[in-house]
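Below are two complexes that have subunit A in common, paired first with subunit B and then with subunit C.
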Partner chain A sequence: MTDQSTESTVTLTIDGRRVEAEAGTSVLYAALDAGIYVPHLCDHPDLPPYGVCRLCVVEIEGVEGLPSSCVTPVAEGMVVQTQSEQITQARRLAMELLLAGHPVDCGICQKYLNCELQSLKQYLGVEESRVKRRSKLLPVNNSNPLFVYDPNKCVLCGRCVRACWELRGVGVLYYKKQGKEFHIFTREGASLAESGCRFCGACAEVCPTGAIQDKEGLIKGDNRKAGLVPCKSSCPAEIDVPLYVRLVKEGDYPAAAAVIREKVPFPWVLGYVCDHPCETECRRGEVNEPISIRELKRFAAEHDDGSLWRDKMTPKDPTEKRVAVVGSGPAGLTAAYYLRLQGHDVTVFESLPAAGGMLRYGIPEYRLPRSVIDSEIKEIEAVGVKIETGTRVESLDALFEQGYEGVVVALGTHKGQKLRVPGANSAGVLIGTDFLRDVNLGNEVAVGKRVVVLGGGNVAFDCARAARRMGAEEVNMACLECREEMPAGPDEIREGEEEGIVIKPSHTSTRMLSEDGRVTGVEFLDVEAFFFDEDGAPQIDVVEGSLHALEADTVIFAIGQRPDIPEGFDLDKTDGGLIELDEFTGSTSREGVFAAGDAVSGTASVIKAIASGRKAAVAMDKYLGGSGRIDRKVAPQVEVPACLGPGPGFAALGRAADRCVIPDDLTGNFCEVVESMGEDDAREESTRCLQCDLRLKIKTVDFWGSF
Partner chain B sequence: MDYDRLKAEATARRAGQEPVCGARGAVVDVGAFERRVALRNLGRVDPGSIEDYIVTCDGYSGLHRALSIGREAVIAELEKAGLRGRGGAGYLTALKWRTCREAEADEKFVVCDAIDAHPWTRTAQTLLGGDPHSVLEGLLIGAYAVGAAQCFLCVNADYREQIALLRDALDRMRDCGLLGHGILSSEFSCDVEVCATAGSLVAGEETALIRILEGKQALPYLRFEYPAVQGLHEKPTLVNNLETLAVVSALLQGRAGAPMAGDTKIVTICGDVEREMTVEVPLGMSIGALLEAAEGASLGELGVKAVQFGGPTGAFFAAGSPASGGVGGSLDTPITFEHIEAAGSVMGSATLRVVGGGPDGVCAVQMARDAMAYLQEQSCGKCTSCREGTLQLVDMLDDILDSRATAEDLELMLELCEAMRTGSICGLGKNAGAPLLSALTLFGDDFDAHLHDGHCPAKE
Partner chain C sequence: MASIPEKADVAVVGSGATGLAAAVTLAEGGAKVVVFEKQRSLGGTSNFFQGTFAVESEMQRERYVDYTRDECFKQTMDYSHWMANPRVVRAIINESAETISWLQEQGVVFTDAAINMPESPLTYHIIKGKGEAVVKALVDQAKAKGVTILPGTPVVSLLKEDGKISGVVVEADGEEVEVAAKVVVIASGGFANNKEWIKKYTGFELGTEITPVGNTGKTGDGIRMAWEAGAAEEGIETIEMFRVGPVGDEFAMGCNLEQATAQPDLWVTAKGERFCDETITFWDTPVGNAQSRYKKDGYTFSIFDDSSIQRWMERGLDKGVGVEFPPGYKLTNLHKEIQAAIDNGSAEVLAADSLEDLAAQIEVDPGVLGATVEEYNGYCAQGWDELFAKDRRYLRPLVGPRFYAVRARTVFLGTMGGIRVNGKMEVVDKKDGVIPGLYAGGFDAGGMYGDSYPIKSSSGLASSFALNSGRIAGKSALRYLRK
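Up next is the complex of A and B:
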């Protein structure tokens, strides 16, 4: 900007005060940094100075007129006045001109009280206007995804245009004229998507008025900043999704894996089975389809050499405290892993023959290869977590007697249930969890040719698809919910149907038909409406006269599970039979006993179990005198460039193709059904990311109230 | 190919050509009042024949001379001639060139403005249509002097014929070794690209023109450095109007004549006149005298109410001698940078737009309103003062026309003009108040008639 070198410091006088500023700084920032407020609108700390709003005018000795302080560099010995009669008059006229076409009704604007223009108007006390006010009467543009543009509220400060061109290098927004009025629009008036917009949100972020806003309802929760990056904020374990997606894009896969490792010890498992709330919330989904985040996680895990985290994720000095964890599912092992890293001596007790809990004994192998579970458990054992399999804990007292100072109970929800309908105890009527456990243990399972699965969640699909693999030729799935409201994930539903599962939504079973004590079918009524009443009790309206039956030689109930908590644990439980936790301490009703996973939450998801395990580890560590700080920065810190570059065709980039491969003959075939993503596909998929997190790096402008 | 061989070959080729003389733009007879430097070859050269230019106009002898005397000597010649930029601002060309030459960079550019951004200008149309090579020669001399290897010639996209002529000329130049590597067997290498550029008032602002070349919207920018130091793609960029470059080639060819080449200006006479014309006149001639000489009639006969000089942001000039200090001036004002500036106006495109109908034929409020409405239409919208100021002023002038305004409104109008002058980035906004202010100075009675008596003087 000037000839002076950037290292040198300049001394100037502002309002009689001696102020020092770096050479090249504008008079505006020299004043603001010195705590002297100068009103300004078009200027933004992340954007090049513009000098168009004329609110930041000042008087400078020896300079004619009123220069805009935002575009005037400081100079040695400069004498600046930020307040005078003449300045006030010029600022007021400038504000009157800005407001001439701006709506008057601030109270009904979404931006009310967060609006820079409103704040400036109050600061300058501009209530009356000498210039004529008018309504622009331009139509609000609601046709683009994510953002709404109201040209009537736009004061043409040019921040969005600069953000689009100069901060992001995208170059989509232009000044356009409609009749006598200006507005900001794409060059040819095409949609943002067609114009090469990257939907980074910088325009909305820098807009000082309510002209460009995020569409209502898209920013969830009270924390606006978190809401802007919903993939991260919706992740129960708070994994930094945009960061690892970016690292995949840059080809640094070990770093991507390290980012995931900072929050969870099961990246690879999650890459297979996470129910990915992040994808549901992904803002790219508003543009076309969400990023295939889970597949990218799997890709990162598959291309991880451990070089960035393995050396750093090692136990702290021993604390000499012993902790027992009951249950080796994702919740238990996660708690064990982090407690071990905190320096405690951790032993996990597992009643079944191998560790993994529902990962191993609930989820069938075609969805999650056993080698993946083994590999991640091996890493947990490698830091010194001891796992005693085939050991059922019946009493917590016994553990305390053995010298454990704390216990984490994470025994899952392994107890399935049947409906209390006639015939439910006939031979051939099975419970889903038991069925899956037997299948996964390799026990002999008697599955007939015609199977009916009752339930509509992921476990029901696991049962149905496992049944197909165990030789069933015809599998019907009946659930209370209508198709749109089935709790199972869309992938499960699609893949299940590809495997020949017939879904019968809106069905309620009234009894099991049987002959000689063996089930022969299920009798149903069609459901008109299924809902929960005010007390949360399920209500079913049936269709009169819709009674019908499906033939079956095997019926599997997959209608929910409960924890199987031994009496000897002596823990307070909720009405639903779950372990009760103290809201604040995370402790159970017994001192030194914490709990995590499905046993606390009811049957949920792997990622929720892991998140719960993390919480239990924090609570336990604090209980044992530790800091409770279990997070470690292991991923390399990367400087993220603000510039994205032009994005022609960006919006149209489609989600990576589904890699589900269903074998022709399912019988006995438990091979994985979703293939790994190739490197090219992964890089391409990651480039689709909108990088919503970049928006958080944009500075906010301080209102005059903070001066 | 060296210059001698170029000339010899051109002579041989030209022998077989049927010269098509005459400008392809507006053909004008040379008036006695004219002095042609930039337009020296107009009507005398076949614009489609590089050979004609080389053989009959000493074409490219200026470039040849420049290459032999060296960069600094070229700039010294411009300095000695006192050449001022013909784009309108009148900045000393040699200073600009030297700044660019001394700027250190791995790459430099030359940009030639041939857009005729002002709506009534015909300079580019005339010059490029009648004698493209004297511009191209000047362009190459500029590139050589500052050390640039790439030139962009921005031509109004509506000038299709001229663009075709230029592209053809560039092909011929390439054939003759006047473009590309080792021009005229020297170390100098350079290329020229013709850029068809959408014409608009802001496109005439050099910062906006640079943005256009960068693929961005034509918006003027505040600059912290001259484009000659930091311009196109942040590289030193020499931006010159084509008229300046045509004078440069004349100077280097030694054809500018006495006393100095800096002393002429191409002007276009338009508006309420019998003949619209583009001519080159010696500086110092008064607006009125030029009008009378060019149109061959007295001002009275011509029925002039006022002349807007310098383009859409130019002030009005009228008969009589208005009070000094205000914006606007007498028709006796000599056309020089200093005199025009003293009248609160700009040389700009040096157009004389005649508002006819005699002293009472048209209302000055209407005149000012129409001028402001055009500027409102052309405002790029970037600066608040200009965007809103022009809009508000059109509205207020309409109020005056409808006799709905008060003296207080007049005060606010003056304040808005001042806000535009001090608060706008580019010349359009800075000078947007000039037509209105000069109308007020010159025709205060017309305003008073509306404000106080509620009637329009032109409708009596």
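Up next is the complex of A and C:
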């Protein structure tokens, strides 16, 4: 062993220091690895050396002139000097040549402080004002999705071309002369999409200046890494989306499911009902259409055998601490699950007959089969979470008296409301949440033939579509918002309309019409504009003389919900009636009481409730003396190849078709309306992913300040 | 390459002029210092300044500049209507001269004590190689004195024990790491890129109504951390504004078009009406303030014609732009730049053969623009600006044959407050009690200014405040550490 290692190791002297390096290493990396800074620009640790910028020049005993250290391999006994007057002169000259064709625009450049050219300029002390510059005055190419190319800022280091060809094997970028200047182009100036670009972003990642940049606005916020993988950073639970999409592509479905399981205990439920902020942010959406991430999640969950995570997601040693969770919706059960895994003894109290909260008593069965909820709750119970259904908690003091040391309040927003308009108390005027609860409990619900639903959100659609299934023949939905601004998701709107629901946007109801105390219709005015004023109060401008009515024998209000917090909880509330949390500690106004879900945020999404449950679990665990580290690595680590290969036609690959199947006769039919994705479709869909996360594996060049 | 130490005497948050001045001062006094910088490159906004303010410096004495500390103090306080913290102002002004000498000892070369505007004292000490040279010199000195500098390592929060600062939490490779330190100097450079805070504290919509220049990734980290640790607020509303055009990727800073736009010819609002005496262009603060009245529009226009261009080519600028382009600098590249902008279809630079056509291109009522120019040309003819009393030397009529318009935006160089400090740069809480071990300076600290940057009495003050507050914080912290 010793012999081998000495054979492949070379000893040389750099700036008087003895340095060891692997044979074949360049002098540049021998120096950098030894902590000796040598300025360099065209070289990049992930790319083959190029040797054009002349910044990394050094002196080597016995060698004529100033060789570029990036293209000079180390040799036994080599004596290298990285600093001398002559070297400094040569480097400054090289820098001045680079700066001559580069605009002085650090002050407004998005790349500033991440720019290698600026850092090198600072290191070498080259003053721009002394450089005789030529202005290229070329137009900035904004025509491609995701990336901007500013030829004015290009210093022809060739990194992007090498990254495109040699690192990724895609091969769409070329050098080309335009007028007197060289630039980076695609073949025949075609668009990136036409050229077979895979939009991997390697070119932008290795660009040392601001010549190739991500479009501003696509990289939101301060955290660049998060901005580059927006599917992951926009997920409230921070699920590693690109990783599980890749695992689906590779056919390793249990591993894909394990990745999701690392962050949430409800992968399958989410596969049905997540409002998928990831898809809104997906960078593929800028190229053509976003990846169908939610369907891939459902696919992964459906093909999960639990083999990779079930053995690892087991409780830690008992802490002897008892925690009560009030409410068994996604927020409460998520908090309970993670607290149980941290070793606490957890009991969930649920006032309704079965666990699941709004998953079970809000969302109708055609959107989320009950077997899916049952199966995921079973996994939560399997780790030892106790669920006491049919038990309403009226006082937190009572829980503390029973020996619970902490309480997580996650009782959702189950209290619907009616508008205070004349006739709102007529028979046949219902509240959405009550209506859905009755439908989901299987209670007798009297729905007339003509139904008007008031509201434009997802709950309103749940009411409207459930009403159709309960026998309504004509369902109108009226909301204040104009069609483009309806809060409901686009697939809800589409599917609802396919089921015959008639949407009446920009409508404000003025009163319920009734006969003998029974509703007969709703009177409306058309809305000219609906907005919020500077104090956040809603404002409605109506169209004069637009009064009209819709006939109805049932009216359902779905205009927002509030939490129903028992007085005995004694918790501080916000003006909106929600539970108030300390921004920094996540605690409520009572010691040992944390809160999560809709009762804190107002009616939101399942994924937000889950994320909030995770946060409450972290805060509670810390409060109970734990580490607050609830994440476990259960998915296998995979090596991802850097090479993608040519991508002709890649940009044009379309999103998997919608698999919505609306039954012909809706009455009494609560069967699911979206079919599972098949294996071929799932593979194809996952192949469309741009793999934005690959880019983060490209090495970062350390600037002089780091040495 | 340096690794994150478990503990140090001092943690400095940010590697700009404030942080580096504090770090070198502390290291000179024997303290073990670590500087955390969240960006990959060092120096932040401090790479840009071309000169820095001082009074009663040796360089000024050699040039018969007789402006005194007392005069400067009075003028700066008057300028702020005594809204500024007088102890902070006095401390900075008094320290400023010594800081010039100190910087020279660190290897910084000053070429002159001058001024780049009329009617102002010569307080501007011009640096060879700009702020970048100051950053390089201070980093080299810091490293030579054993300071650990860690780029790409953001500080996320402060640690406190028994009411005293006990360290920081930093982020490294996605993990949070605690570093124990008895002293923390906050020098993270303000919040110029924090859209939410800019709206909340200044009322501007970042990106459309106002654009930051020379600021990247400034999210107010230091201010937030200090507030979380109980610091009081001061001066959070003040920003350093001026007027620049054209703005956009195609336009380099300091291009001929930018210089033309800054000249005191005819300026009009988005409605086509004059809005100021254009000679306020000589002083950035008033022109920034005048321009910001039209923040809802997001821009104003500079209007000129071929006679203006000819004058700039032959006689050069009236108003210099930065140190590199003094009055008299000739705009030889202007025609080429205008043509390139027009060829590229720019919406920022427009040209026409008539005022009517120009008005159409800039979407202004041609009647309004026509009346404005007619009125203005009338003032030029009579040699008296009845409207805004502009100096007659700059009253030059617009006669064509071609007319040009450049869109000018409100930009700002930084936010100028946030954390309340005393004259020793100690951070104070809401009862004006000192938070032991916590210091702040530069764009993170308030108290140096009133509602505007006092450009007339003390040009170069922002960088000077950074350097001097850093040095004062360093000296105060050494006393606290009993070094």
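By definition in this document, the second predicted complex is superposed on the first by the 694 of 707 C-alpha atoms of A that agree within 3 Å, B and C clash if a C-alpha of one lies under 4 Å from a C-alpha of the other, contacts with A are read in each partner's own complex, and residues count from 1 in each chain.
Rule of thumb we're sticking to: contacts are C-beta pairs under 8 Å (C-beta built on N, C-alpha and C of every residue); 3 or more make two chains touch, one makes a residue touch a chain.
This one's a predicted model, so the numbers in the text were calculated from it and none came from an experiment.
Superposition model on subunit A: subunit B and subunit C are shown accommodated side by side without a clash.
In the superposed model, A:Ser135 makes contact with subunit C only, not with subunit B.
Once chain A of one complex is fitted onto chain A of the other, the partner contacts of A:Ser706 are limited to subunit C, with no touch recorded for subunit B. Annotation: apex subunit A, arms to subunit B and subunit C, angle 80° (C-alpha centres, rounded to a multiple of 10).
In the superposition on chain A, contact of A:Pro49 is made with subunit B only, not with subunit C.
Looking at the shared chain after the overlay, A:Ser395 reaches neither subunit B nor subunit C. In the superposition on chain A, A:Asn425 contacts neither subunit B nor subunit C.
Legend: residue contacts after superposition of the two complexes on their common chain; A:Cys106 is shown touching subunit C, with no touch to subunit B.
Legend: residue contacts after superposition of the two complexes on their common chain; A:Ser375 is shown touching neither subunit B nor subunit C. Minimum C-alpha separation, subunit B to subunit C, in the superposed model: 18 Å.
Taken together, the subunit A residues at the contact with subunit B in this complex read 1-2, 49-54, 57, 65-66, 68, 71, 73, 90, 93-94, 97-98, 100-101, 130-132, 155-156, 158, 161, 165, 171, 174-175, 177, 180, 182, 187.
On the side of subunit A, the complex with subunit C involves touching residues 35, 103-108, 110, 112-115, 118-119, 121-123, 125, 127, 129, 135, 137-140, 148, 150, 152, 222, 584, 700, 702-703, 705-707.
Residue ranges on subunit B touching subunit A, taken from their complex, read 215-217, 219, 222, 224, 376, 380-385, 387-389, 391-392, 395-396, 412, 415-416, 419, 422-423, 425. Subunit C meets subunit A in the complex at residues 1-2, 15, 37, 39-44, 47-48, 128-130, 132-133, 135-136, 139, 149-152, 193, 211, 213-214, 216-217, 219, 228, 247, 249-255, 324, 333, 336-337, 340, 343-345.
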